[in-house]
Structure formats: structure tokens, C-alpha cells
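First subunit A sits with subunit B, and in the next complex the same chain sits with subunit C.
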Partner chain A sequence: MSALIITTVLGIILLYLGLTKNKAILAPAAITGLLITLFLSLKTWGHGSKYFHDMIIIDNFSVAFNVSMIIITILIFLFGINYYKRMELHVAEQYSLMIFALAGAFLMTSFSNLIMLFLGIEILSIPLYILAGGKKTSYRSNEASFKYFMLGSFATAFFLFGIALVYGASATFYLPEIKTYIAQFNGNLPPMLMVGLLFILIGVAFKVSVAPFHFWSPDVYEGAPTLVTAFMATVVKTAGFAAFYRLLSMGLLPLPAPLKKALWVMTGLTLLIGNLGALRQTNFKRLLAYSAIAHSGFIMLAVLSQHDLSASVLLYYTFVYSLATVPLFIIFILVKRASSGLETLHIFQGLYKKKPWIAVFTTILLMSLAGIPLTAGFIAKYQVFVLSISQGYLAISIFAILMALIGIYYYFFVVREVFTETAESNPIIVSKLNAALIIVCGVAVVALGIFVWNVPI
Partner chain B sequence: MILLIILIIPFITGLSLLLIRNSAILKLVALISAVANLLVTLSLIFSASVSSYSVDWISFLGTKFTLGYDGISLIMLFLTNLLFPFIVLAGFKRDQNQTPILYALILFTQSALIGVFLAQNAFLFYVFWELALIPVYFILLLWGGEGRRNITLKFFIYTLTGSLFLLFGIIYLYQLTPGSHTTDFSAFYQLNIPSTTQVWLFWILFIAFAIKMPVFPFHTWQPSTYTMAPTQGMMILAGVMTKMGIYGALRFLFPIVPKGVLYWQNTVIIMCLIGVIYASVIAFRQTNLKKLIAFSSMAHISLMAAAMFVMNYYALQGLLFQVISHGVTIIALFYIVNLIGERTGTLDLSQMGGIKLRAPNLAILLLLVILGSIALPLTAGFICEFLMITGLFQQSVWFAVFGGLTMILGAVYMLYAYQRVMLGDLRAGFERIPDIRSLDYIFLIPLIIIILGLGIFPQPLFNMADESVYAMQNFLKPVADSILAIIR
Partner chain C sequence: MVGLIPIINIVWLIPAFPLLGFLITGSAYKRLKHRQAGIIASAMVFFSFIASVVLYFVLRSSGQESATVTLFDWIAIYNMNIPFAFLIDHLSLTMMLIITGVGFLIHLYSIGYMSGDERVNSFFAQMNLFTFSMLLLVMGANYLVLFIGWEGVGLCSYLLIGFWFKNPMNNYAARKAFVMNRIGDLGFILGIILLFFTFKSVSFSEVFSQASAFQSGAPVITMITLLLLVGAVGKSAQIPLFTWLPDAMAGPTPVSALIHAATMVTAGVYMIARSSILYNLAPITLNVIIILGLATAILAAVIALRQNDIKKVLAYSTVSQLGYMFLALGLGAYSTAIFHLTTHAFFKALLFLGAGSVIHAMGGEQDIRKMGGLSKTMPVTYVTFFAGTLAISGIPPFSGFFSKDLILSKAFEHSVLLYIVALVGALLTCFYMFRLLYLVFFGEQRLPGHPHESPRVMTIPLVILSILAAFGGVLNIPSFLGGNSNFSNFLQSSVISKAPEEISHSTEIGLILTSLVLLSLVILLAYRTYVRKALVPAEEGKSIFFFNRLIERKFYIDEIYTEVFEKPFGFLSDFLFSKVENTVLDPAVDGIGSATSGFGTLVRRIQRGNISFYLFAMVAGILLFIIFILIV
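After this line comes the complex of A and B, so read on.
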């Protein structure tokens, strides 16, 4: 709880620090604050606690996911030091909005009540609507913001409607009570409850961009400022899936058959659309957007497999995925600057010639996303397949494996560009801090692939 | 412990090569490391005690880092460590860009291949299996010839397709193991999988190996990849990586899905024999020397695959013998092809002729290697092809007939190529072709000694694999007997 309070206060402090016009202190202040939060979160590991008449339950599950999201946010802020140097206005707002979003994410990992989940999602989303429009003068950034806002509100409306219907049927917001209420029907749910649950799932599926509710994400990812995109693709996704898992495990498992079928179809569609979509992309940001959708598919596979290890695999997967994705966005920013604002895959050409070490680590990060052995991404996918195959979902596992193959294809498309020579000779400028961070992430990705942990949550 | 040392020497050397700037010294260091590894391997082969190495890796996924070996692994290990000194040597006194990275990648490949052959845990096997592919991908991408961007990607995806199915198979077997699951081979061998499952699981496991070997119709990545590959990359691919497929099939298919093997046995043998004929005919029609050798290699490998699925003692011994013999012959052939290419600037058969007049020593050495390749008696090639065809004969006369065609067709196209390249009138522009240098002797003479030596005195190699071949054969025998009993 103290972590949540500190985070909220931190956001406000940052806003005031913005008034001092001294940009240099913003990032250190934000990172220090987050480190304190990290420390406080870690201290609550093993001591579960409940707040507000059990509307918030902080257990090891929420602590683990909070820690993972804080680490990724710190990483993004560290990269932000360099990124925001060029920006004159509203830097403090950017930092504090991300921190407010993080506070919402904390709620999404620790709710036990549908209202709390709704609050969490809204607190997470509203800062993002603003952040997506962070480049005020950019047409595409405005489009992204508007699109995200419209579709997001629409999804929220569905979600709220679903909550209302479920409340109408069961007369409670509490997930454990909803669970017992559902259990008494033995799978034959009354229509109102069924529709309500379906709407709730749709609302959450929109947030984690699971097909067929994914249409917003490529456009928003492309239009939003790249650092915000990195935040959306990692922290927001982690929060969304943590919420999804918690919703299922606390309230809805075992899933009624029609819902289960719907979710499996969504998983298959997500895998298909994410991977096939990425295959055709020439814009790197859109490629990563579709890759994010594709990874959602794999994560869904783990969530739906309902195994003791599901939560831990979910944590591992989202963490290593984020750890590889954030630096890739940063490398993209760097090469984009060197090629006067282009966003195609070709801008990666010549990276190996100009910055061999960055190229090597780019390759490692891409290999992790592709799931090549000795990277954490491989172990993550391996664990997902272990879950799904051992629960007997053979057909969808084979399908997912074929999709993973397509994934390897488009990631290696980028790898190939990295190692292709080009006549273009604009230097790629990588600050020392950024280079160090990229290398740390690359090493971490390999280290996590060799020394694999299993958090008991 | 000695196994760990063998595994790690190339890797550590590869890393340290990245720090060396002088390319001559760097190649020498790489060579010393490869030779040292060969010596350690030989000491392992001749030592009486059996060594193994095991530590826990990811305990909750049941994976251990277990290294060990049997006769079959030993043959493969020997082949790898025998060939890599030559593969390194093939780059001596040649201009290559970015030598540190090239040689580091070559040595990384060696490490990964050794890992494949020593792994006693399916997960570990898979990790090394994939790891072997990555450095080769970059060798092909960075030092390859024309069209490498697309061809390497095709090669990479093609081989990964098989691997991912293998991964599915491994996980499927993993969750079948009793108790707290494990991916140890020994646990997999204890599984009693129902025959209906074995019938489909066979293909899940086999595709990876079929692509790697490659077996018809999974070979389509091969010709273009071989054509554009740099010499050393091609030696790794044709000399060692094809054997990974054979080794994997021996390790996975026969012990784990014996009923599946028996069910599909004839289908696969027929596929392989189609491959033999197909590759031979295409080799005969080739005008490019490099492609011709590539297809001849495919014909040999297809025969090996066919012999493997016959699964009797003769065929298996012949197969393991051919593993060494083919590896040695093919890298000698590719080396000479490269020499010819360097000297004449072309590999087109119609542009060549009369090189013997200018380079008689080269011609003699090429002839010796070709004789080994077409399995003339007193060369290693003869012994293994003879044994494999004997094995095929025991299964069916027709298999032996079609398998025997490799020997005949091989002689036809290889001698034809020799005639086109070496004999005849000297082509214009070839007047200044130099004969081979001392370095080339150092490369070729040992290989030719191995080819002839094993042809004259093959017994040691047979002894090496004897026990394991019996063991391997025994995996199938009870199943085959029980099926026979049902038929009767």
C-alpha cells in the first residue's frame, strides 16, 4: 500500500519540480522515487495485506508484478534522460503521467473487486490517452491519441456495462463471491450473467490488444512518441495481463464452456493476426506493434492453460518480453535520428558497420523476442508450450509453434538489415548511458535465459 | 570433466579470438585450439574409463546439463574434431574480411556441435542443436556469395521449422515422463508410448532431422545454400551438420518411437532412395562444379539415411563408417573445388579443361579423392557403401538395386566431371595456372591418408561403435519380433 501512495505522491512532486524549469533533476528524482517504491514493494513480499474492506488484496502475485513493472519503468526513465533532452516543454508532465499510469497498474495487479479493477484500468488509461498525443504538433500523434481515446472509452463502456450486468445477476462486485455464485449453476449460466462476463472480458481484452480487439494498437503505437510506445507495449501490457489472470483465477475459473471457447478462438486469432500482420510491415514501430499482439497470443496460451505454474510463467514471459522490447525501441530511436526521421526497416542497414556492439546486442534482443535458445525469450516460450502441451492442448500448440516460426522470420528480417551494408554514412550517435543500458539489457536477456528462476506465486 | 573441457575449448578460444587483431596469429590460435581439441578427443577415445558430467540446470523444468557418450556419439565427436582443424586450415593464407569474427563463429559452431553430440538431455540437445545453427547463419550471411540475403533467411527458417516441431516433440515426451517430469534421454527411453501416438509422433520428431540431412523432399534449401556458401561454411554444412540429422534420428527415433519407425520404415527408405536417384541425376546434369559436388553429397547422405532405416547391424556399421568417410571426402572435395575456382576464376564445367597439363599434382590429388568418393575398393568409401548395400539387400532386393545405383551413377558423374576439368586440351587463359602450394599438401595429404587408411584397415572404427550399434538395433528388435508374432 505504501508503494501505491508513494507513487501517487511522486507524480505530484514531479509536476511541481517541472515548475523549476530544471529538466536535469526530473529523471533522477523520478528514478529515486521509483527505487524507494521498489524497495517498499519488495519488503511486502510474503506479508499479504488487505485494504478498504478487502477491495485491495496485496499478495505475492501483486508484489511480483509490481516489482517487474517498476523495474521496466525505471529502465524507460533511464532511456528517457537522453530522449527528453531534446524536448523543451512539458517534460515533467510526461514523467508524472507515466507514474500515474503506473499507480493505476498497481491497482490492476491487486484488486479483488470489479470496481477496483475498473478504477485501475481507468487510472492507467487516462494518462496514456494524453501521453499518446505527446507530440502536439504531429498529426499522427494527435490521431493516435484521439483514436486511442475513442476506442478506449468504447471498451471501457463495454466493461462497465458488463460489471453492471454481473452485479445485476449476482448482487456483488467481489470476485470470490462471484465465483461461488457462478459455481452454483454448473456451467448453465443465465444469459444476463453470461453477457456480463463476456463484456468484462472484452473490456480487458481491448486493453491487452487481443484480437479481434487489437485494431487500435498498430496505429496508436506508430503515432505515439516512441518512448510512450515502449511504455505501452511493456508496462501496460504486463498490467493488463496481470489483471486478466487475476480476474480469471479469482473470479471466473473454471470458465463456463462458451466463454472458454471464445477465449481460445481469441487466442488463435491473436496469434494469427499478430504474426501475419507483422510479416507485411515495413515500418519498424508497426512491426513491434504487431509483434506485441503476437506475444499477447502466447501469453494468452499460458493464462488459459490453467496450470500451477501459469502465474509464474506469465510473470517471466512479460518481464523478459519487456526487457527486450524497451531497448529495441530505443535503438530504433537512435537509428531513426541518423536517417532523418525515416521509420522503415531499411534504416537499420549499416548498423553493424557503424556500431558493431550495438548491432550484436540488437541481434540478441531480437533473438530473444524470436525465441532462439540461450535467450530468455526461448525459455519463456518453452515454458508456455510446456504448460499448453501438458494440459493437452496439442492442436493449438502446434499452431502456436508455426506462428512462432513466422515470428522468427520477421525478426530475422530486421537482423538481416542490421548486417547489410549500405552506402549511407550518417553516423549513429549513441550516448554512453544508452549504450550501457542496451548492453545491460542484452546481457540480462541472456543471463535470464541461462539462470532461470521460478517465482512461487 | 574431460567432456566439459572438449566442449569449452573452442568456445573460450573463439571468445579470445575477438581480441586478436593480427589475422595470421589469429588463424594459428584457432588451428592450435582445434588440434588440441582433436588430441583431447583422441585421448578420450583411447582411454578405458567412461567419463560423464552432470549438473542441475533448470530444476523445475526437469532439465539437467548432462554430458555423456556412447559409441555413436563418439564417432560423431571424432568426426567433428577431426574436421575442424582442416576447416580452420582451409582459410590459411587467404584474404578474408573480419577474420576475428569469422573464426570465432567457426569455433562457436564447433562447440555447439560437440554439445549436440554429447548432450544426454533432450532439452540440452535442442539448445545446442539451435545454437549450432546461429553462427552458421551469420557465416553464410556475412561471407556468403551472391543472393545471400534471401538464401540464408530461407535456409534458416527452413531448418528452424523442423527444429520447432522437434521442440514440440520434446515437450510432448517430457509431459509423458512419470513423476516430476524430466527431459533426460534415459527417461524418454523408458517410455512406453501407445503405437497410435508413435505413428504421428514419428513425423514430428523426424522432420527436423530430415531437413537437416536433407532427405527428399525436404532438401530444397540445400542447392542454393551450398552454391553461395563460403568454402568454410560449406565444409561445416556438408561435412558435419548433415551428420547432425543422422545422429539426431538415431538418438530420438529408434529408441523412443520404435513402432513408429517400423510403421514408416519402407516409406522413408523409398523417400531416401528417390533422393539418391534424384540427386544423382541432377548432379549429372550440372554444369557448375560446386553444385555437382553438393548434389553428390546429397546422394550419399540419402543412401545413409536409407541404410539407417533398415536398422540391421551391417547397415548401421556401414552408416557410421560412412559418417567419417563422407565427412573427410566431402571437405577434401570442396577444398579442391575452391582451389580450382581460385585458379581459373570459374566453376562452370563448360569453361574448363586441360588443367592437368598445368597442375599435374592437383589432378592426382583430385583423382584420389574422387576415387574415395565413388567408393573404389581400398578406399573408405567402398567399405561403407558395401556394408550399407548389404544391409539394404537384407530388407529387400530392390532397395539394394536402387541403393547400388549411387555407386554407379556416382562414378559416372564424378569421372565425367574430372574429365571435363582436368583432361582435354588446355583452355585459353589457363596457361598461367599455378600448381598447388605446400599449404594445400598439408591440407589434402592427411585427408587422403585417412581415406586410404580406413579403406585398408577399417577395424578400429568398427570396434568403436560396435556395442552401441548392438544396443541401437536392440531397441527395434523386440518390437519387430512382437509384430511378427502377431502376423503369424
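After this line comes the complex of A and C, so read on.
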């Protein structure tokens, strides 16, 4: 709980620090605050507690995911030091909005009541609508913000409607009570309850860009400022899936058969659209957007395979995925700067010639996303597949493996560009801090791929 | 017990030193000058040796027989939990001392032998990497760590055989070694998988404690041991996978001494001794090992009789001696096999280094028909080589006598026939070794030139190894000579030998006297042929006797493999390429690719950026799902 409070206060402090017009203190202040939060969160490991009439339950699950998200946010902020150097106005707002979003994300990992879930999603989303439009003069950024807001509101409406329907049927917002309520029907749920649950699930599925509710993400990812995109692709996705898992495990398991089938259809569709959509992309941000959709499909596999280990596999997958995605966006920013703002895949040409080490780590990170052995991405996918196969979902697992194979193609398309020579010779400038962070992430990805461990939650 | 715990944690240092050496010499290979790389690499192996000695005394003073040191949890997923752990017991300590001790001497020798080679830094990097991998192999506490080392040494062996890669023949030899080892490795991997499948673990301690629940001759154990044996046969160059080892002599001579005589090729022997509990439960496998080992010992010894390349003779001799080790393993006398492994490491490393010294002096000449009379010009090499020859021939009191005699007496316990065949092999060994010795060092110099003794850095390792080869036998003096078999007792806690049927001392002494008389006759025969009559072996292919030609051509085994395996596989792959791949697979794969691409374009087109279309599609999706859940 203290983590949640400190994060909120931190956001407000950062907002006021912006008045001092001293940009240099923002990132250190934000990172210090997050480190305190990280410390406090870690201290609550193993000491669960309940708040607000049990509407919020902090347990090991929430601590583990909060810690994972804090680490990734710190990583993004560290990259932000360099990124926001060029920005004159409203830097403080950028930081504090991300912190507020993080506070929302904390709620999404620790709710046990539908209202808290709704609050969490909204606290997470509203800052993001603003952040997506962070480049005020950019047409694309404004468009992204507007689209995200429109579609997001639409999804929220359905989500709320779903809560209303479920409340109408069961007269409670508490997930454990909903669970007992559902159990009494023995699988034959009344239509109102069923539709209500479907709407709730769709609301969350929208947040994690599960097809066919993914339409917003390629456009928003492309248009939003790249650092915000990195935040959305990692922290927001982790929060979304933590909420998804918690929703299922606390309230809906065992899933009624029709809902389960619907979710499997969504998973298959997500895998298909994510991987096929990425195949022909020429814009790197869109490529990563589709890659994010594809990964949502793999993660869904872990969430839906109801097993004791699902949570820890989910944590491992989202963390490892974030650890590879954030630095890739940063590398993209760096090469984009060197090629006068272009965003195509071709801008990666000549990277090996100019910055061989960065190129090598780019390759490692891409390999992790593709799931090549000796990287953490492989272990993550492997664990998901073992989980889903052990739960008897053989057909969809084989389908997912096929889709993972397609994934290798488009990631290696980028790798090919990295090692292609080019006549064009604008220097790529990599600050020492950025280079160090990229290397740390790359090494971590390999280390996690070789020394496999799982946090038991 | 208490005192052991803190100090034993230094165990990770032992493989870490050579790894560090590899990293240093490997990453700075362009910058290191002159002898720096050699000195760094040798020092690292020496440090490992010191650490191993310390470890030996620590373990001894603690009174414990073994210790498992877990470095970190390596793979922990679901029910699979494989830590990265080292098992330190008497068996692994013996191997570690051999690898680092003999390895250090060979590294030292290489400083002299390889000086002047332009890629000397890479050479030492690879040698250190090899030492690291070999240490992992013997120190691992489970089959998976062992397997990493197993593959690591295979890789280094490949690299070092092809070290002088400008000669295509060397590359061919390297490839041959690699492919033959892969065949063995396939069996080994399958064995490990079956092992994991059966015991749900690959750790030595768990597997062996669970194995006691199985009956002797249980099919699954027999299968596992046979599969592991396939791996051992490949790595330790036994029939039918032995032909790579003679070709592996293409590498620099120190490589032959370290990898292809003293350490790597004995990995198979180590692995079977390590798995002694499993093998004891598989009498069929043990019999297979006896047959393979004995057949290899004889066949290789026969081929060695008519080889004229100094290194090839030693290579076939190694194959033959490995056959003896396998024979001992098959007889269930695992500690005897390890004892022979130890003495063999001493004398065979010595012989190879001596041969290297000769080759060095002769300016790269390896044909023994062109040598002769070197005893005068190269006294140190001559004396040490002589010691090695006596040791391998099994002349008392040299080390080979003790280990070989133990194997022969074990064979006698088993059956008299086995003993006779093994004895014949020993006599053949004696003959070809003395033939080699006489042709190289005795008589007149047959080639003009001024051979000279090698530098100190090369002769000192020779001297140390010759002392070990001469007196290594004292490690294990049998009871009828007043000793108490220290070495075998030392290993008792690690390898479970089959209950020996003691033969009486008088029988044993009788056996020894028989073999000594026969050995003297053989030496005399060799002396008469190659020194008195000063016969020089004829040119190859000139021999009139069919049998001689057969031996010279190494029983045409390479040719048979080419005809039986290589050519049919060649035809098959040609056929698959031209017919199946070009006409069926390629178009099919291309088709899948373009179809997928087409779908990709389609998905991309749907995403047009039109927000009202997105909303429409979302609503459509929601509606479809409502209908879906209400109908299903």
C-alpha cells in the first residue's frame, strides 16, 4: 500500500518540480522515488495485507508484478534522460504522467473487486491518452492520441456495461463472491451474467491488444512518441495481463465453457494477426506493434492454461519481453535520429559498420523476441508451450509454435538490415549511459536464457 | 566435515583458471608477443593443478569421501531441476590431477614446440579452452554438465586437429574426427534422454541411488548403458568408430599428446567408470564392452606393426591401449581401467612428446624409415623415450607393467582364452614399440642433416613425464609384491567394481613370469630384425605377402566405410537434392512463404487508419462473440 501512496505522491512532486525549469533533476528524482517504491514493495514480499474492506489485496502476485513494472519503468526513465534532453516544454508532465499510469498499474495487480479493477484501468489509461499526444505539434501524435482515446472510451463503456450486468445478476462487485455465485449454476450461466462476463473480458482484452480488439495498437504505437510507445508496449501490457490473470484466477475459474472457447478463438486470432501483420511491415514501430500483438497471443496461452505455474510463467514472459523491447525502441530512436527522422526498417542499415557492439546487442534482443535458444525469449516461449501442452491444449500450441516460426522471419529481417552495408554515413550517436543500458539489457537477456529461474508465486 | 565446507568452495577456481587463460589469450591474441600467450596459458593450467592438489589434501583431511558443490541453479523448470554442480570425489580428483598435471607439462612443452608458429596465440587459447572443457567433463555432478564438457572437448579437438588449416588434408581429418564423434554423441544424447526419462533426474547421486531398485539385466538399464557406450566408443576411438584417431595426428604433436592420448580420448573410459553402478546392472553391455575392447586392442596393435609414420604408430598404439581400458571396464574392474588410464596418460604423453621432439629435430620429418641413430644426437629424448617404451611394453618395474598386468590377471580370472588373446596383444605392443625405438634411435642416421637436441623447455617436461612413467606404478603395488593396492582402494568409494574373484599369488606370479619370458623374446626378435640385420621396412605396396599389404592398408577399413556408408549416403543425398528437394520441397516451401506473405499484406491492408472502420470492426467482433457464447 505504501508503494501505491508513494508513487502517487511522487507524481505530484514531479509535477511541481517542473516549475523549477530545471530538467536535469527530474529523472534522478523520479528514479530515486521509484527505487524507494521498489524497496518498499520488496519488503512486503511474503507479508500480504488487505485494504478498504478487502477491495485491495496485496499478495506475492501483486508484489512480483509491481516490482517487475517498477524495474522496467526505471529502465525507461534512464533512457529518458537522453531522450528528453531535446524537449523544451512539459518534460515534468511526461514523467509524472507515466508515474500516475504506474499507480494505476499497481491497482490492476492487486484488486479483488471489479470497481478497483475499473479504477486501475482508468488511472492507467487517462495519462496514456495524454502521453500518446505528447508531441503537440506532430499530426501523427495527435491522431494517435485521439484514436486511442476514442477506441479506449468505447472499450471502457463495454467494460462498465459488463460490470453492471454482472452486478445486476450477482449483486456484488467482489470477485470471490462472484466466483461462488457462478459456481452454483454448474456451467449453465444465465445469458445476462454470461454477456456481462464477456464484456468485462473484452474490456481487459482491449487493453492488452488482443484481436479483434487490437486495431488501435499499430496506429497508436506508431504515432505516439517512441518512449511512450515503449512504456505502452511493456509496462501497460504487463499490467493488463496481470489484471487479466487475476480476474480469471480470483473470479472466473473454472471458466464457463463458452467463455473459454471465446477466449481461445481470440488467442488464435491474435497470434495470426500479430504475426502475419508484422510480416510485411516496413515501419519499425509498426513492426514492434504487431510483434506486441503476437506476444499477447503467446501470453494468452499462459494465462488460459490454468496451472499453478501460470502466474510465474506469465511474470517471466512479460518481464523478459519488456527487457528486450525497451532497449530496441531506444536503439530505434538512436538510428532514427541519424537518418533524419525516417522510421523504415532500412534505417538500420550500416549499424554493424558504425556501432558493432550496439549491432550485436540489437541482434541478441531481436533473437530473444524471436525465441532463439540461449536467450530468455526462448525459455519464456518454451515454458508457455510446455504449460499449454501439459494442460492438453495441443492444437493451439502447435498453431502457436508455427506462428512463432513466422515471427523469426520478420525479426531477422531487421537483423539482416543491421548487417547490411550502406553508402550513407551519418554517424549514430550513442550516449555512454544508453550504450551501458543496452548492453546491460542484452547481457541480462542472455543470462536469463542460460540461468533459468522462476519466481514462485 | 565442518572444516571441509569453506575451503571446498574454491573448487570453481579449478576450471576458472583455464577459462580465464582462454579469455585472455583468445581476446588479446593479436597483441600478445613471442612467448607471452604460452606463459599465460601454462601458468593458468599450473594454478589449476595447484588448486587440485590443495583440494585433494582438503578432502583427505576432512575424512569425507566426496563432496558436491552446487555453483548455481542452472535449469529449474517444472519437475526438471538441474543444478550446475561439481562432484568432487576420488575418481574426479584423479582425473583432475591428470588433466592439470600432465596438461601443464604439455602446455610447457608447447611453448618450445610451437614457437615460431604464426598462430601460436590461438593455439594456446584453444588448448586452455580444451583444458576448461575437460575439467567440466570430469567435475560435473550430473550427466548434463558432463555433456557440456564432452561437447566442448569435441569442439576443441576439431579446432586443434585442423589447426594448420591451410593444408586441406588436415581439414579433412578434423572433419572426420568431428563427424565420427557426432555419431557417438547421438547415442550419448539418446542415452541421457532415456536416463532422464527413466530416473527423472540426470544427477549422478540420484540416478545411482535409484538404480539399486532395478534388477540386474533390466532391459531399460541395458538400453541406457548401450547408448552411453555408443558415445564412449566414439570419443574413445573403439571399433567401429576408431578410424578418426589415427587421422587426428594431423594436429600439432602436443595436441596429440594432450587430447588424443592423455585426456580427451579417455573421457569414454571415465564416463563408463563413473556410471559403474549402471553398468554392473547390465551384464550384456559389459560383455559387449569386453568384445569391443579386446578386438580394438588386437586390431590396432596389428595395424601398428607396419606403420611407418612415427605419430601413426603411437596413434594406433593409443587406440589399442584404450581397448585394454575397455577390456578392464567390461570385466567390471573399473578402478583397474582408471589405473591404466593414469599410467597411460604418463607414458603415452611422454612418447608423443618424445616423438614431437624427434620431429622437431628432423625438421618436420615423420617417416621412421628416414630416421635412425638419433640416440647420439638427442640423448635426453632417447633416454626418456626408452623409458616410455619400457613402460608401455609392460616391463617391470615401469608403470605400464603394473597396470597392464592387473588387466591381464583380471582377464585370466574371467577366462583363460581372454587372457591369451590379451597377452598376444601385449606382445604385439611390445614388438611395434621396440621396432619404433630401434628404427628411430639405433643404427645409422639414414638422412643427411644435423639433428640437435630440443631446448630445455621441451626436455624438462620429458624428464618429469619419464619419471612418472617409470615410477607411476608405485601408486598401486599389488599385494603379492608386498603392496596394498592403494590406488584401487582409493577409487573404491567412487566406482563400484564387481566383486573380484581373487586368484592365488602363485598363479599370479606364474602369469607374470610367462609374460616376462615372452616379452624378452619379442624384444630380442625386434632387436635382431631392426638392429642386427638393420632392416628398413619396405616402401608401401611393395610387400609381397597379402597379409602384410592388408595390414599396411589398415585392413581397408577406411575404404570399407567409404563404400558402405559414404557412397550410398552420397547417392541418397544427390537423389534427395535433385529429385525431392528441387521438384517437391522447394516449390512447396516457396508456396507457403508467398501465401503467408500474401496474408500478411491482407492483414496490413485491413489496418487503414480509418477510425470508424475500427469501431465498426470492434462492434462486429463483440456481436459475433455474444452470438458465439450464447449459441455454444
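Before moving on, here are some points about what is shown:
As a working rule, the second predicted complex is superposed on the first by the 457 of 457 C-alpha atoms of A that agree within 3 Å, B and C clash if a C-alpha of one lies under 4 Å from a C-alpha of the other, contacts with A are read in each partner's own complex, and residues count from 1 in each chain.
Heads up, the rule we're going with is that a contact is a pair of C-beta atoms (placed from the backbone, for glycine too) under 8 Å apart; a residue touches a chain by one contact, two chains touch by 3 or more.
Not measured: the values here are computed from a predicted model.
On the superposed subunit A, the two partners subunit B and subunit C do not both fit; they clash.
Contacts of A:Met1 after superposition on the shared chain: neither subunit B nor subunit C is touched. In the overlay built on the shared chain, the residue A:Gln383 is in contact with subunit B and with subunit C.
In the overlay built on the shared chain, the residue A:Asn454 is in contact with subunit B and with subunit C.
Once chain A of one complex is fitted onto chain A of the other, the partner contacts of A:Pro373 are limited to subunit B, with no touch recorded for subunit C. Of the two partner chains placed around the shared chain by superposition, neither subunit B nor subunit C is touched by A:Leu119. After overlaying the two complexes on the shared chain, residue contacts for A:Arg416 are found with subunit B alone; subunit C is out of touch. Annotation for subunit A, partner touching more residues between subunit B and subunit C: C.
Contact with subunit C, but none with subunit B, is seen for A:Val195 once the two complexes are overlaid on the shared chain. 309, 379, 382-383, 386, 390, 452, 454 are the residues of subunit A that lie in the contact sets of both subunit B and subunit C, per the superposition on chain A. By the touch criterion stated above, subunit A contacts subunit C in their complex at residues 146-147, 150-151, 154-155, 158, 191, 194-195, 198-199, 202, 212-213, 215-216, 218-219, 257-259, 261-262, 265, 273, 276-281, 309, 379, 382-383, 386, 390, 406, 450-454. On the side of subunit B, the complex with subunit A involves touching residues 58, 60-61, 123, 126-127, 130-131, 134, 138, 141-142, 149, 152-153, 156-157, 160-161, 164-165, 167-168, 171-172, 174-175, 181. On the side of subunit A, the complex with subunit B involves touching residues 309, 367, 372-374, 378-379, 382-383, 385-386, 389-390, 394, 397-398, 401-402, 404-405, 408-409, 412-413, 416, 419-420, 452, 454. On the side of subunit C, the complex with subunit A involves touching residues 72-78, 596-597, 599-604, 607, 609, 611, 614-615, 617-618, 620-622, 625-626, 628-630, 632.
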